[in-house]
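Note that the chains are named A, B, C and D in the order they appear, and that numbering of residues resets to 1 at the start of each chain.
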Amino acid sequence: MAYDQHDHDRLELSETQLRVRALETVLTEKGYVDPAALDLLIETYETKVGPHNGARVVAKAWTDPAYRARLFKEATSAIAELGFAGRQGEHIVALENTPKRHNMVVCTLCSCYPWPVLGLPPVWYKSAPYRSRAVADPRGVLKDFGITLPKDTEIRVWDSTSEIRYLVVPMRPPGTEGWNEDKLAELVTRDSMIGAGLPKSPKDVK
Amino acid sequence: MTHAHNHGHDFHHEHGSELSEMQLRTLAIETILLEKGYIEQAAIDELIETYEKKIGPRNGAQVVAKAWVDPKFRKWLLEDGTAAIGSLGFGGRSGNHLVALENTPLLHNMVVCTLCSCYPWAVLGLPPLWYKSAPYRSRAVADPRGVLKDFGIELPKDTEIRVWDSTAELRYMVVPMRPAGTEGWSEEKLADLVTRDSMIGTGFPKSPKYLK
Amino acid sequence: MNGGQDIGGMDGFGPVQPEPNEPVFHSQWEKRAFALTLAAGVAGGWNIDMSRFARENRPPNEYLTMSYYQIWFAALEAMLKERALVSDDEIAVGQTLKAPKPVSCILKADDVARVLYHGDPTERETKTKPAFKAGDRVRAKMMNPVTHTRLPRYVRGHLGTIDRVIGCHVFPDSNAAGAGENPQWLYTVRFDGGELWGADADPSVTVSVDAWEPYLLPT
Amino acid sequence: MNSAADMGGMHGFGPVVPEKNEPVFHEEWEGHSFALNMVTGVANLWNIDAFRFKRESLPPPEYLNLSYYGLWTRTLELMMLEYGIATPEELKAGHAIAPFKQAPRAVTAADCDNMVRCARPFSRPAPGPALFKVGDKVRAKNMHPKHHTRLPRYTRGHVGEIARIVGCHVFPDSNASNLGEDPHWLYTVRFDGHELWGADSDPKVRVCIEAWEPYLEKP
């Protein structure tokens, strides 16, 4: 009896599926797109580019103070040193979480997201609940992720309205002294680089 | 009290659409309220009959026509809409606090409810679909001239447009300007010129040509 | 435009629901729609601001009901049709019915890696000086254009502080309309939560947006 | 709350499309949805502000996609559930399921006739003097409560002028949450179009709203 969003979605989806196939056929026939390019694009974002890139950046910033300084001064080039650059990451700014300040990234107007370091955004990042509430009630949103910050922690929300893309550098978890970059990178979650999560605890990796 | 079906309210069936689902769901609510003794069937019938047949823009048209011919009534109407309109026997639901807005050559009034669909039922009946629609509700306050264009109306650029957003329980009706060429007409004849839209502010009264 | 996309501060959408182990794409057609959007953009020659406007320029009820890649795909169809590269009847039957129009270039598989790595930077040279410097107080303009803009409604009319002068960047309001890049100084502007959301707001929250100079007024 | 109902100033919904010779109800069930809403009001099962709050609390995609009376029926269902008038099983079955409590008294046609004709004013005795007088400049508070409110978002933070002191009226913000009528002074406040929509807007447009005293502050 209730409005069933699911049924609605299913119907819509099958129709969209058919239209996508039809359009791909026509665009390929007309020579506007190269089918091999399509496959490569999908492969790139499905397997190559993803949060593991960002995790490398964060782990290096945790262990290498000179790199950390470069990252906060000029993130785009510091990140390019590790080979990550390009589409939807032409102008990257790194945001430093501290015990007093927590950063959180959103795009209220669409879904801007730093692709070269985090890959494509998850559905929740693009959803109306996140986009509508992150700017007005970030603490409430963090609760949806099971996170409660101390009341006096400043929360800085960054709404990605231009082509600047933001990457949160979370705080290095205690108990990771002497860890190498590879091991540290395993602690860095995607959500911690958006500001909707924290890195894993060292216990989870040992 | 038995099933609503037994009282001559067999809803039309339209399978597979939102409508058929809404028919069933509305019927379910009605049946439960009847069975539990919250309402009598006759109350439902009476309400539908009232708003479908008895109360409508004809009420408002009488108010406007009287204001056009009777300067004392006009003054009273603009000062205390509820009392003046009440003197013609109109009031009650969605007409407890009525305010009449006077259109002049320099000022055009237009009524909307951006937050829901508040409307002066007592003088205009139930609102038309467009009044309750998102296009009207979203645009009337920001682009009233554009909305008037949707109704085929263009006002002089220097006419002030005053939009009234019905956020409280006050209900507004617009008193349009009396069309020229109606000198000496009776109230009844004048009332025929007064359209619903002219009392919302999205239209003008009919031209006397249409009645002659 | 004040469309279905501009939802910062709106209530009623419910909680955020992260999906454990979310795949990059949820179905085959999403992958194709994604790749088609990127690839066809090269042939179609539109810019990112035109794409954004094509996505948001639909009835808000539709926008808020469609899934993410449905919106992308609908915008792709609209832009292709607008430029007469594909027609409705061709999509309906899934066949080419009209001869292709010549296009200046298409995305070849060999170029994918290079094109993605190079991206599409929006910073531009300028001889002008920025009107504001870090620390300046500014007011976001009260403006409600029906065309594309990147100034969210929830900051309009509010006072903020210039956090950073970013540089001179392509101005989306012009670029989306095909009126040229019209580069403008871009700033990060920080607003206090209390300024945006009223006296009852959480005092520990600030919100920053990137705003082009034409969006800002001195105080 | 900043709900989908609060759509003043939104773009993208398209033109207003008046219907020639529009019937009062387009479907028979619409008349019933309407009448049911009226009788439940007469039966005092809930107050009008609580009903409005429930209606606007629907998720925006649902609110914006339901037809007008579809929205009423949906809200009635939710109110019946919340106020214990029906169970989910009963709504699904479409009739009362024993055992249930009989209502103390059924609403009759005479009650409805009375409701239609007789005044049921929302004005109340004033608890004190009015804070503002006609001609005073006032600012609509920048507030974003999670509860029901009748201060549209497009006026918040803006300066207008008191055009009229209406009286002392039931306060919807309190009434909708069943916290009592809490009457407050009610004013008609007039805003210039420029103030609401910016310098590019039509200089001859003014917008009036009714605002309760707690919505207003000295500018």
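Simple rule for what comes next: a residue touches a chain if its C-beta (ideal position, glycine included) is under 8 Å from a C-beta of that chain, and two chains touch if they have at least 3 such contacts.
Please read these numbers as outputs of a predicted model, since none were measured by experiment.
Undergrad: What chain is the most remote from subunit B, judged by the mean position of CA atoms in each chain?
TA: Centre of mass proxy via C-alpha means gives A as farthest from subunit B.
Undergrad: Which of the two pairs, C-D or B-C, is linked by more C-beta contacts?
TA: Pair with the higher count of C-beta contacts: C-D.
Undergrad: Centroid of subunit A to centroid of subunit B, CA atoms only: how many Å?
TA: That pair's centroid distance is 52 Å.
Undergrad: Nearest whole angstrom, what separates the Cα centre of subunit C from the Cα centre of subunit D?
TA: 34
Undergrad: Distance between subunit A and subunit D based on Cα centroids, please, to the nearest Å.
TA: 40
Undergrad: Give the residues of subunit C touching no fewer than two other chains, as numbers and ranges.
TA: 7, 9-11, 13-14, 56, 59-61, 64-65, 144, 196-197, 201
Undergrad: So which stretches of subunit B touch two or more other chains?
TA: In subunit B, residues 25, 28, 134, 142 touch at least two other chains, as defined above.
Undergrad: Tell me, which residues of subunit D touch at least two other chains?
TA: Where subunit D meets two or more other chains at a single residue, that happens at 7, 9-11, 13-14, 56, 60-61, 64, 66, 74, 77, 91-92, 144, 196-197, 201.
Undergrad: Over in the complex, which subunit C residues touch subunit D? Could you list them?
TA: The contact residues of subunit C facing subunit D are 1-4, 7, 9-14, 56-61, 63-65, 141-146, 157-158, 195-201.
Undergrad: Write out the stretch or stretches of subunit B touching subunit C in their complex.
TA: 134, 142
Undergrad: Write out the stretch or stretches of subunit B touching subunit D in their complex.
TA: Against subunit D, subunit B makes touches at 1, 3, 9, 11-12, 18-19, 22-33, 35-40, 42-48, 50-52, 55-56, 82, 86, 91-93, 95-97, 114-117, 125-126, 128-130, 132-145, 147, 150-151, 157-170, 197, 202.
Undergrad: Can you list the subunit D residues touching subunit C in their complex?
TA: 1-4, 7, 9-14, 56-61, 63-65, 141-146, 157-158, 195-201
Undergrad: Which residues of subunit D touch subunit B once you look at their complex with the stated criterion?
TA: 5-11, 13-19, 22, 24-29, 31-36, 38-40, 42-43, 45, 52, 55-56, 64, 66-70, 73-74, 76-77, 80, 85-86, 90-96, 100-103, 105-109, 111-113, 115-123, 150-152, 154, 166, 169-170, 172, 186, 188, 190, 196-197, 201-202, 204-212
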